[in-house]
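Presented sequentially are two complexes of chain A, the first with chain B as partner and the second with chain C.
Right, the complex of A and B next:
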């Protein structure tokens, strides 16, 4: 079949080239996750945020390595401990010609928490702001309760709207296009839910103008169909290339691949909550245990050490991941340099188990989703075998995400696989959400489903979140990460890679934050 | 006839009601939509806000009463995901699915009837054996696999047809239809054929069985003895009589094609209702799931009704019975 494909390829190349010359200005791309809203403040979801990046801009932005860069704000500085001053870009216009000013920023910050029916709003990013002061049309001051160093990072998720245009605009107005007006590199043309979004270039864009006059942003959720659409030349660019297809596409002369290690870490969460026995842990005769072995650091170390991460990465993930020993991939702000993933050592793991009082091991059920992360069900199968090898006889149970995540959120499991994408590109995001003590008032530990709690870590994290100096904050975040990792609060497995494929002749800047955007694609010759 | 229709209507209301209760409880049992919809970054306060915004903080029976109250006023709720009325979302997607389903039925009848007729009239010829063997494949090959193979062959290797998606549309009666443009037809052909494959086999087998049975009937023998031409015997006396089971099955199949063309729509990225329902189930978008299934129930009841009426047109005996 593949041989035949190659033969047919010659004919196909000529068509692709011809089509390429005729429509060099149009990009047809296909994404795997559906865009469900054009309203940039309705649903905080990666595919929607990726689409919002085409039409709208935020005050700050993330570069491809998820480091903060200027957006509609040219600079931001703390004027005192609880006030940030932002200088706004001048001469920026919305697609309808309106000027962008500080008024629009104030209006946007007001709208964000008040979008009706939002299933996941952006209010978390604006809540720290206590008051807004417009100094002049291009300077704005934002006050917070005490020092809040993450404000510029949070603002990268808040896309700016126009006070005149968007007063009383509803989500439906955005989807219908009436209100889909921003300052971004593309203008909105049409949105067909579940099918496609059509865009055209904003020739008055303040930043780097995109290479494409028109963009057809198509939604093809089926993996095989998306790959086929690329092979057939119906689309020129796809995201979320399935791991099984990567090798084949790499070998195809007509195509090229772009990839980058993402900010998403796949990890195992453990039950830290129960002292006396855990629901899916039993002794070797299948009887419930009187104490929870997962509370013992040596057991956690043994479990982590038993896992051969390199084997999972190369065999299960076909090298579209790198082994992880902490939250963030190399090159990220606040990653601990030289902190390697534990070396697989079943011998030592067995000794640790014996020291902890489990020379014969115990029984455990490892849970995980089967439709959420790349190869998720196969990863837990592999881990189950590795654990069984050190005497922890592991049963594996994979479930659809919808059922799985609700149960995980109710602390029903003992050990389970989940993933975390650090949207802000720094360790404060996973530290605060995954390993900080569960605390509703502070908004900490919201995804700490194993209920890990360590006062020492909380204290260091607290200090980090109050530290305005980037270098000092990085040290503190690294310290907090080290505390969590040394204590095996979670067991990191790997950082996924994001993989895109395109017809040869295109060039793509791969983004660590998984967003697929037309402005990151350009003809290779144009460089 | 009026009593008959009224009784059907009452049944319909009962079934729709039961369906809404079942789906409500079912979706509730699967999981918590907020866990799925909410951004992982959200903290506890934001989570609580979302639960309240979607009305999920109320006990299930109160959620249901709220839904019922609104439904009686014609409001089936707003999608959690799209923040648009569920019914409107479904209706938006309906033309795509309808043209796919009717396209598939059209292909099924166009190919199935003549092939079945041939196989029935010449059961021992090689041609009819090939047809029957082919129909077994049509039954047993999984739709998604055939779909992918079609894409591989006709789109990737031969490049004759576009691989996926819906083509250009024109707006007629406020809805977007793609079968009226050449580009749209090209996009429609492969998914419609894929969806039709099973139905072609079904129609072939039904037709063949009917023909085999009917040709032995006395009235056919009599027609022949009367000296009627073979084509008149076939197309008037045989054909008319085998149509009844075919119409029944085609009618019911049309219903299930419209309602459950999920696999084909996913493989071909066809933006229809099947795609919508599967996406909605994945994120537990309850308003859409409930509205969709209620609509499907209504549709099946209507189709059954139409089938019954068609019977009476095709078969005078049914007419006589209902008059008596």
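Right, the complex of A and C next:
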């Protein structure tokens, strides 16, 4: 009897193992943000770029830590100050068997700016290119106006299409699948907008082949529903795990979590524009002030020093963030090593306020969105507590993102919380957008909503953007970052973490650029 | 349900001495134990709300008194500095839930009673005007009432708040705009009946000024249904304010009302931190039920058709 039971048990176990092996060929995953198109040049949006990475390849690529690695180009070198030469990978084929050549690169660069009705164009990545010269089928030269060190980085966002296949392909052709042909690790099978994308493995892929024969890439935008789908076993892998659920998912034996510090920094912007009084700053009796205290470096230092970033990270963010003292997280190119956020010191903050002439502090309204960043409204309340403790009596106002960002862009606020994701993984992106002097024509300071301006910083940044040598450029970017941070141009709070959850038995390489891709998921190595 | 018992109880008393209408009303009301219980509970809630600044362990609206390190503590936990006990736990900002509920009741009752009162004044005036003036004025006002009532209250309030922006005052304005129509319709109905009565005719014959006829003769006789509608509308306004705050359109996040406290805790429900939503929800429930108990019985007592 016992022998029979044991035999039955063994049989049952082997069935489970076999079922597991068969299952391992298919991956069902759910993402929180909808894919809006399969056309890789239509809408520059993280979920679309993540999907495009399955089907297409670019000349260069980002590794999980957002450092540049070879893609369809094996190498890239500056020939002179305004010319980059790229050597293309040989023997690469598109899903329909066509060879990949320099002709395809030239065609792609021509198509990118000419996609009709693009809601957010990829043309920003190709605009610096003045002309294209095909040297031989696997060598191409790109010319720019003057030195442009960011070209290889920009090219990571330009997915390569086939000249023959995509000559007249429209965005609809991609969405319908007729034109969804690339060189990537997966072939396109089906796309149902708002519901799912079906993929199958490209067995002729030039790089590391993915572990999955088939992938069902589902879109579940509701946070609770996505978590529930994982708990119920309907899907095996989800992204954008809400912080309120992390604690519970961590405690679940059937699941595991993967996370990585993202390139998104959450920070406070301050009104640097007005000299005499700021709209949401008042003295202790509620009267408007005659000078703007935020113009005083000591006041800005005090405000930054008052914030206990570790408390926000552990209590509000449930450890799905790390405290930030600059734009980029550890491990990024052009981050200043050993430049830590100021230690929370309310006593010293109060002394600094007194030195600046505000021994009794003042009143301030801190604004922020309530539906954009993880726990945004909770973070500003916590900061309100900390500022009130050093004598800056803070009122907190959270608004829906669309209203909030329009008002912030019109310089209506005195202090407000926003975030910035440095897609290129290096400091030139936040430096140019957030703290460089506002200049519409050059495209500088486009998101510098506090209108911080420092000629010294502009000069160093300008030099960095013309430096082709990676090491020298890194030094210059670090110097510019240091100028901005020493001057408290903005108050960085934390770098968000991206969190994924999956059933136990899967392994995931978490990416700093937030992209959720099936090729980063594998069955865990047997132990 | 209580009238049948109230009738015989009131009859011997009436035989003993002549009762004023108010005395009769009080004795009839007191006949229902349930209504008395509702009134007692409501009185207690109102007292807590009024005296919250003196009896609450913490001022939950003063950011300096909150400590993020005390966030999401369980009911009965001690604060990090050991100075106080959070009997009902804390929310994500380290706000004492007991204090938060006391202050939240303050907002709920102020908004509820305030908006109901203003809506009553506005609605009753317009209703009386419509009934007394008749003709085009009547049609105009009543079509406006129809228009107002054709929108679901929550939808109309959402639209008004989207236009006005957040804030307690704006919530009151929105609730008044949503609710005045109920009063107008009720008052017009009873005023139409009353104005054909002999005492109004008599007043006309005495050539009393119109204002005096409306406010001294017509209005007092339309009051009973108005009082009933008002108690019901107070409860409705409190629920509506909680709904608006829950949806993030009501009060500022640093001055949470009951609805916002519930919304704050809602996201933690899956993580087992029930108390952030649960206790404010219970407080809201008790408040609304107690008002409705009183209101239901008032309707029975004040409705002449139910009298034997």
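Following the convention adopted for this analysis, the second predicted complex is superposed on the first by the 503 of 527 C-alpha atoms of A that agree within 3 Å, B and C clash if a C-alpha of one lies under 4 Å from a C-alpha of the other, contacts with A are read in each partner's own complex, and residues count from 1 in each chain.
Heads up, the rule we're going with is that contacts are C-beta pairs under 8 Å (C-beta built on N, C-alpha and C of every residue); 3 or more make two chains touch, one makes a residue touch a chain.
The shown structure was predicted, so the numbers you read here are calculated from the model rather than taken from an experiment.
J.: Please tell me, clash or fit, for chain B and chain C sharing chain A in the overlay.
T.: fit
J.: Just to be sure I read the superposition right, which of the two partners does A:108 touch: chain B = first, chain C = second, or both, or neither?
T.: neither
J.: Output check: A:495 vs chain B and chain C. Expected answer is one of first, second, both, neither. What do you get?
T.: neither
J.: Between chain B and chain C, which makes contact with more of the residues in chain A?
T.: On the superposition, B touches more of the residues of chain A.
J.: What is the contact status of A:516 with respect to chain B (first) and chain C (second): first, second, both, or neither?
T.: After superposing on A, A:516 lies clear of both chain B and chain C.
J.: Who does A:193 touch here: chain B (first), chain C (second), both, or neither?
T.: first
J.: Which partner does A:440 contact after superposing on A: first (chain B), second (chain C), both, neither?
T.: So A:440 only meets chain B here.
J.: Just chain B (first), just chain C (second), both, or neither: which does A:396 touch?
T.: Touch status of A:396: second partner only.
J.: Counting only touches as set out at the top, which of chain B and chain C does A:183 meet: first, second, both, neither?
T.: neither
J.: Of the two partner chains, chain B (first) and chain C (second), which one does A:315 touch, if any: first, second, both, or neither?
T.: A:315 contacts chain C only, not chain B.
J.: If you stack the two complexes on chain A, which partner ends up touching A:382: first (chain B), second (chain C), both, or neither?
T.: So A:382 only meets chain C here.
J.: Students often get this wrong, so check: with C-alpha centres, what angle lies at chain A between chain B and chain C, to the nearest 10 degrees?
T.: With chain A as the vertex, chain B and chain C sit 40 degrees apart.
J.: Once both structures are aligned on chain A, how many angstrom separate the closest C-alpha atoms of chain B and chain C?
T.: Least C-alpha distance after superposition: 9 Å.
J.: List the residues of chain A that touch chain B in one complex and chain C in the other.
T.: Of chain A, residues 224 contact chain B in one complex and chain C in the other.
J.: For the complex, which residues does chain A have touching chain B?
T.: It comes out as residues 1, 4-5, 8, 11-12, 15, 30, 34, 36-37, 39, 42-45, 116-121, 123-124, 127, 171-172, 175, 192-196, 218-222, 224-226, 228-229, 231-234, 371, 401-403, 405-407, 409, 420-421, 423, 429, 433, 440, 443-444, 446-447.
J.: Of all residues in chain C, which touch chain A in the complex?
T.: My answer: residues 62-64, 66-69, 71-72, 92-94, 166, 248, 252-254, 267-268, 270-272.
J.: Would you mind writing out the residues of chain A in touch with chain C in their complex?
T.: Touch list, chain A to chain C: 224, 227, 242, 244-245, 247-248, 308, 311-312, 315-316, 370, 377-378, 381-382, 384-386, 388-389, 393-400.
J.: Report the residues of chain B in contact with chain A in the complex, numbered from low to high.
T.: Going through chain B, the ones touching chain A are 30-47, 49-50, 53-54, 78, 80-84, 89, 92-93, 148, 151-152, 155-159, 162-166, 266-269, 271, 275-276, 279, 282-284.
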